[in-house]
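What follows is a set of structures to go through.
Two complexes, one shared chain (chain A), two partners (chain B, chain C).
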Partner chain A sequence: MDLLCVLDFHRVEMMLPIQSKINFGAAPKKRALFPQKDLCHKKHIVNALPIPVLRAIHQTGNGTGSQIHRQENEDRIVKEEIMARILRINTRKKTHSFEEPGADLAALGGRGLTSRMVLNEVPPTCHPLSKHNKLVVAPGLLTGTAAANSGRISVGAKSPLTGGIKESNSGGILSQKLARLGIKAVVLEDKPEDSGFSLVVIKKDSVEILPADEYVGLGNNDVMGRLWDTYGKRVGVMSIGPAGQQRLAAACINFADPNGRPGRAAGRGGLGAVMGSKGIKAIVVDDSGAGKVPVADPEAFKTANKRWVEILKGHPVTSQGLPAYGTAILINIINEAGALPTKNFRSGRFEYAQDISGERIAEVIEQRGGKTKDGCHPGCVIQCSNVYHDKDGKVLTSGFEYETIWALGANTTIKDLDDVAMLDALCDDIGLDTIEMGVTLGVAMEAGLIPWGDGKAAIDLLKKVRTGDPLGKIIGNGSLFTGQALGVDRIPVVKRQALPAYDPRAVKGQGVTYCTSPMGADHTAGYAVAPNILKVGGDVDPLKKEGNVEVSKNLQIATAAVDSTGLCLFVAFAVLDTEDGVQTIVDLLNAQYGLSLTPEDVVKLGVSILKDEHTFNQRAGFTKVHDRLPDFFADPLPPHNVTWDYTEEELQQAKQYD
Partner chain B sequence: MATILFNAFSFLQEKLKAKDHPCINAHIELSDGSTVADLVSAVGLEAADVEAALVNGSVRPFDTLLQNGDRVALIPPGTPGPYRVLLGMAGRKKAK
Partner chain C sequence: MSDCANPGDQFFSTVLLMTAHIALKLFASLKRYTPAQADRFSITPGLTIADLLKELNVPLAEVKLVFVNGVKQDMNMPLKDGDRVGIFPAVGGG
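Take a look at the complex of A and B:
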């Protein structure tokens, strides 16, 4: 399969001053993954006439004078229509430009695209907050289509937290709007020479880079509220809070959910600090007037999507478990399995797990009038999100997820669900990664800065990040920084990133992923699973080493591929049990782009992404010694009293792809 | 007689609460020689209601003999994966 047809397009630059507004023609109607072979190798023709004019001339048959000109114009229309473009924002000059993706980018989307662009364009040894780093925001390959659960977005850069490559994935409503505008990626480049902040507004016919003075210092709730008031209630927004403005290493980028709340985030790796270093407070995307994302074979797409929805709606996880209890359904299960990290990874069981469980949360939400199910983007049929109200019946937080509840709850031994929800709400508003902050609060408790289990003290401490208090700056830089500042020797990180909600001693496959993922300790790096092509069975023992390196490796490959499609990783739950699950995803891709891909091609895509990411990290200076868990994981973990006992050489097998 | 510490999660809690059957940290007495399958029946559930049983924190087949003092939790279909794989739940109703 020739996936990467060579396209010879010239880069078209439009260097415009601040607040400039230009018409760049009709939004492309087709995107550039796997262009049709018969369109490859055609020479791009730069024509002064805008596309709508050309189309009108072509349709009437008047005005061009010759068949040659007519053919040239036709070629140009076709090529403009198939190419989604890359929008580059120069944050120093306050200018923007559009370009056609090069041959090695044309077939990529989502994580595949962000990681390839970071590898190609970011010097691996650069400081992550310097002008040399770039923030790449990319919808997935299926994003913007009618495919269910395809509205995710990838954000990539060199991470200020890990020092390696980072892709952080989020829901929200912005991704589908970018796709409909025919924008394959937005890239923030360079760095302002002053300390001011700007607002980027992307519409069908314009890109504006505006002063953001009125939004500086605001939390994400206020930013999104004001932007919806100004630009309309349905626009997509990604923004940073005070943590990102201060360029703290635990800062995230928040995305407006369908209710306009900052409940979704590209959380991990400090990408909010990169956005802050570029002086961009928020990006607004308004797709008013944009057409649908075109599909090469609409009938085949419709058939595949019908089957896709059947799979998702017919599986007990995606149709019942997640909508009823959200991801927090895992609290009781992981706790029972002895793998819920408790009190800074001292035990695998939390005595009060039931109090913060998914079952309990659903009960409280129903009592107070919140929402037990909600989608993070239009077209989601799983609806695993939620809206949690306080005791007075007012919205306290949304997107109250398993990882968050574990980090801010069991890990800190805070058992008051309302305190945990308040901490989550603060993280969303200040713009902080909830996993990193939960582990950081645990480290602060380890140091005796605040008492174990004291929710109110944790809330007061977290609030200091908003104000720029020196202690807040320490906390806001994450677990390792905080541990070093406070003289703590029990800091659960890999590649400087805090471990998520599964103790690696009791779920060894997850531990292998923590160690060997190019992302640092990351649970979502090994999430998806496709047993029929990856030979992942159900007979692995989580407490033993046997088979878990192979499981982790296959999960990482599948996850990288899913992260490129724009599909939510939770679709993997249904795909796992459905014979034609993977084939249906492939059918969707084939129908959209007119291809003949096989599941094996999807595996190859996943491998190529991981190779890109590991290559960047190697060039940045990472070696196998960075693939280690902290030494305290050699201590037994109750209740199973298991230890972490992999050698470095054993772990490296998870990175051998050939 | 064997006394076990019993928990049920997710939809099983709703089903058992509807039957007024204790399902959170409940102590249940079973006759000697009882298995996980016997426990499922004893609390009024169907085998199809339960995807996996955790006995003392590990996924075990339904023919596992229960001992006095065991801690047992029943989990319905609907556990978000990959944890069904990583915890060894998938296909573990039967002994291997």
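Take a look at the complex of A and C:
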């Protein structure tokens, strides 16, 4: 029984009641995950145990009820030994090792795994660029299988931007390849004593750590292009650009999309700087020769996946809105709702919103011959991404998304779509978080460093990050650093991280997420825009406080769980509106791992992840005073003239799980 | 009440009301239903959103969200002069 105590799903003693207008789907019959009595006399329960637990039981001779069970367990152990490994890379010694995950990691994937490993292994008080920090890269629990939209990846570390724990989530093709190679996580550890950079190449039967001299200083486009030339088209690549090499706090890690372009990124929190501090320029993953990810019950998996695809293809957001207009379909609606932060969060409406809208982008793409529909990884049935061409019909950027277009557009009042696209392309190539840089450019405009709305001046300024110009180093460290350097008092950040594309005064549930997420101001961490504005998963007034703490809290829990599966967060639009949505995800997990989880276990998982993350932050020195918006949000926001009016105590309710 | 408006005033206000205009915008897949002069679209005062959509031949099943002056409203909301109306299908992103 002691062994069970370390299982993740059991860490949270009490289930969190879901009491809000958010529909997480119908609650099915309640079943205990692992009944407390007669534990090991039930075959399905034995099979449900993570491998280290199984091994422990097997080795001690406890609990396996029969020889048949013992043989089954042995078979499963052999199979799982091949699949569930953690690859550790010592960046100082240039060595690597594989290990099997311990009991408390075996059942985890994606964000659950990265956050647990950071909590367990990274001293919370360490400098994020020091040898004590670790960069953990983990596919989700369903990644590598045929489950639709399951190819996302989590990257975790102590953040150089926030000083707290960070999980940054990305698309791209690397995650599925890691999963197929049976790699549960790649961990970059220690720190080189010299300033050189290395390239890590992971293949089915080898891991190489090679000098990366020929790639040093290159932007992500060239790095990925050359690596595809050298290691074959379609290999997975994650890389840093000049920003990450300089260890700047707004540096991201870019992931090659299916076209080999750096259009996907683990954008937030400066994780590119952590990779830079480890002296790793890029990681290549080649899954040639790898088999399929093992699935415990292929028939049940097939059935669940069929329903899963039906759910995604049956919801109007995931089947029509997102593929037709991309994520920037939100520009017009958030503007109409009076919540599109404009001119550094001065107004909720941008006069030229139409010019940078999803509808406009789709028109331009059709005229110039780009792609209005694209997936960030194979197996995506939503296809929300795009490829945007310039006036000459050449690829200018890809993955041109709502948050990016808002940050570099409405927030800076730049209305020329081609300028916004060029800024996005530069961020992808230099390796910078587009949200952080859009807000930083707004702060630079606030200071008068460049004029409001001047796209060409913004492009020239952003290019300075590539060359290591001192001004480039200032803006490359993000909004707060830039605001301090330039003497600005209007800096929209929480936990030093720039606010995304919804003004918290006019989308209050989202504001609660900005304040209370362990990630700092993050829109994905609990997307209250769905019930506040989009009437998805409920309908809660965005302009009033009532109900919005609960909305944010429940969405933060659900998101943490989704981020552990490797599923794209956009599946939530369909899941929140579909009665058997959560159950279908649970069915997929159960079929893959031979488990008997219930939707309640998913909630427990989400809570346990948030607890891990808040625990790390507390140990790093965070308290409730860090859960505040800057005080200028007490000023009224036109057109609704709403203010941010939560008390500190009210906000803390979003972090109370018991 | 004895001091109610005289018939001339009533006539005047009726004429004013009959010239109510709204700024109408249809977005995304609904854009194709945009009428002429949508920025200053004439309506009968008190027309509900549902009536307006019928008038424009917009299939109600395709409409998910209606904003009037930046606030989500339901289909029975009566419209008045000067309203800013935004009509959306189901959308999401982020």
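Operating definition for what follows: the second predicted complex is superposed on the first by the 565 of 658 C-alpha atoms of A that agree within 3 Å, B and C clash if a C-alpha of one lies under 4 Å from a C-alpha of the other, contacts with A are read in each partner's own complex, and residues count from 1 in each chain.
As a working rule, a residue touches a chain if its C-beta (ideal position, glycine included) is under 8 Å from a C-beta of that chain, and two chains touch if they have at least 3 such contacts.
Everything numeric here is computed off the predicted structure, so don't read it as measured data.
A.B. asks: With the two structures overlaid on chain A, would chain B and chain C clash, or do they fit side by side?
C.D. replies: clash
A.B. asks: Once chain A of both complexes is superposed, is A:Asn411 in touch with chain B (first), chain C (second), both, or neither?
C.D. replies: neither
A.B. asks: Quick one: is A:Glu359 in contact with chain B, with chain C, with both, or with neither? Answer first, second, both or neither.
C.D. replies: The answer is both, since A:Glu359 touches chain B and chain C.
A.B. asks: Now for A:Phe573: first (chain B), second (chain C), both, or neither, which partner does it touch?
C.D. replies: Both partners, chain B and chain C.
A.B. asks: Which partner does A:Val317 contact after superposing on A: first (chain B), second (chain C), both, neither?
C.D. replies: Both chain B and chain C are touched by A:Val317.
A.B. asks: Looking at the overlay, does A:Thr327 come into contact with chain B only (first), chain C only (second), both, or neither?
C.D. replies: A:Thr327 sits against chain B and chain C alike.
A.B. asks: After lining up the shared chain so the two structures overlap, which partner does A:Glu403 touch, if you call chain B first and chain C second: first, second, both or neither?
C.D. replies: Only chain C; A:Glu403 stays clear of chain B.
A.B. asks: Considering only touches as defined above, state whether A:Gly338 meets chain B (first), chain C (second), both or neither.
C.D. replies: both
A.B. asks: Let me test your reading of the model: by the given contact rule, A:Thr524 touches which partner, first (chain B), second (chain C), both or neither?
C.D. replies: A:Thr524 contacts chain C only, not chain B.
A.B. asks: Which chain A residues are contacted by chain C in one complex and by chain B in the other?
C.D. replies: Touching chain B and chain C on chain A: residues 316-317, 320-322, 324-325, 327, 329-330, 332-333, 336-338, 348, 358-359, 527, 529, 536, 539, 543, 570, 573, 639-640.
A.B. asks: If you look only at chain A, which of its residues touch chain C in the complex?
C.D. replies: Residues 315-318, 320-322, 324-330, 332-333, 336-338, 348-349, 358-359, 384, 401-403, 523-524, 527, 529-530, 533-536, 539, 543, 569-570, 573, 639-640.
A.B. asks: Using the touch definition up top, name the residues of chain C that touch chain A in the complex.
C.D. replies: The contact residues of chain C facing chain A are 25, 27-29, 31, 64-65, 67, 69-72, 86, 88-94.
A.B. asks: Residue numbers of chain B touching chain A in their complex, please.
C.D. replies: Spelled out, the residues of chain B in touch with chain A are 7, 9-11, 13, 24-25, 54, 56-59, 73, 75-92, 96.
A.B. asks: Mind listing the chain A positions that touch chain B in their complex?
C.D. replies: 316-317, 320-322, 324-325, 327, 329-330, 332-334, 336-339, 348, 354, 358-359, 502, 507, 509-510, 526-529, 531, 536-543, 551, 555, 570, 572-573, 576, 639-640
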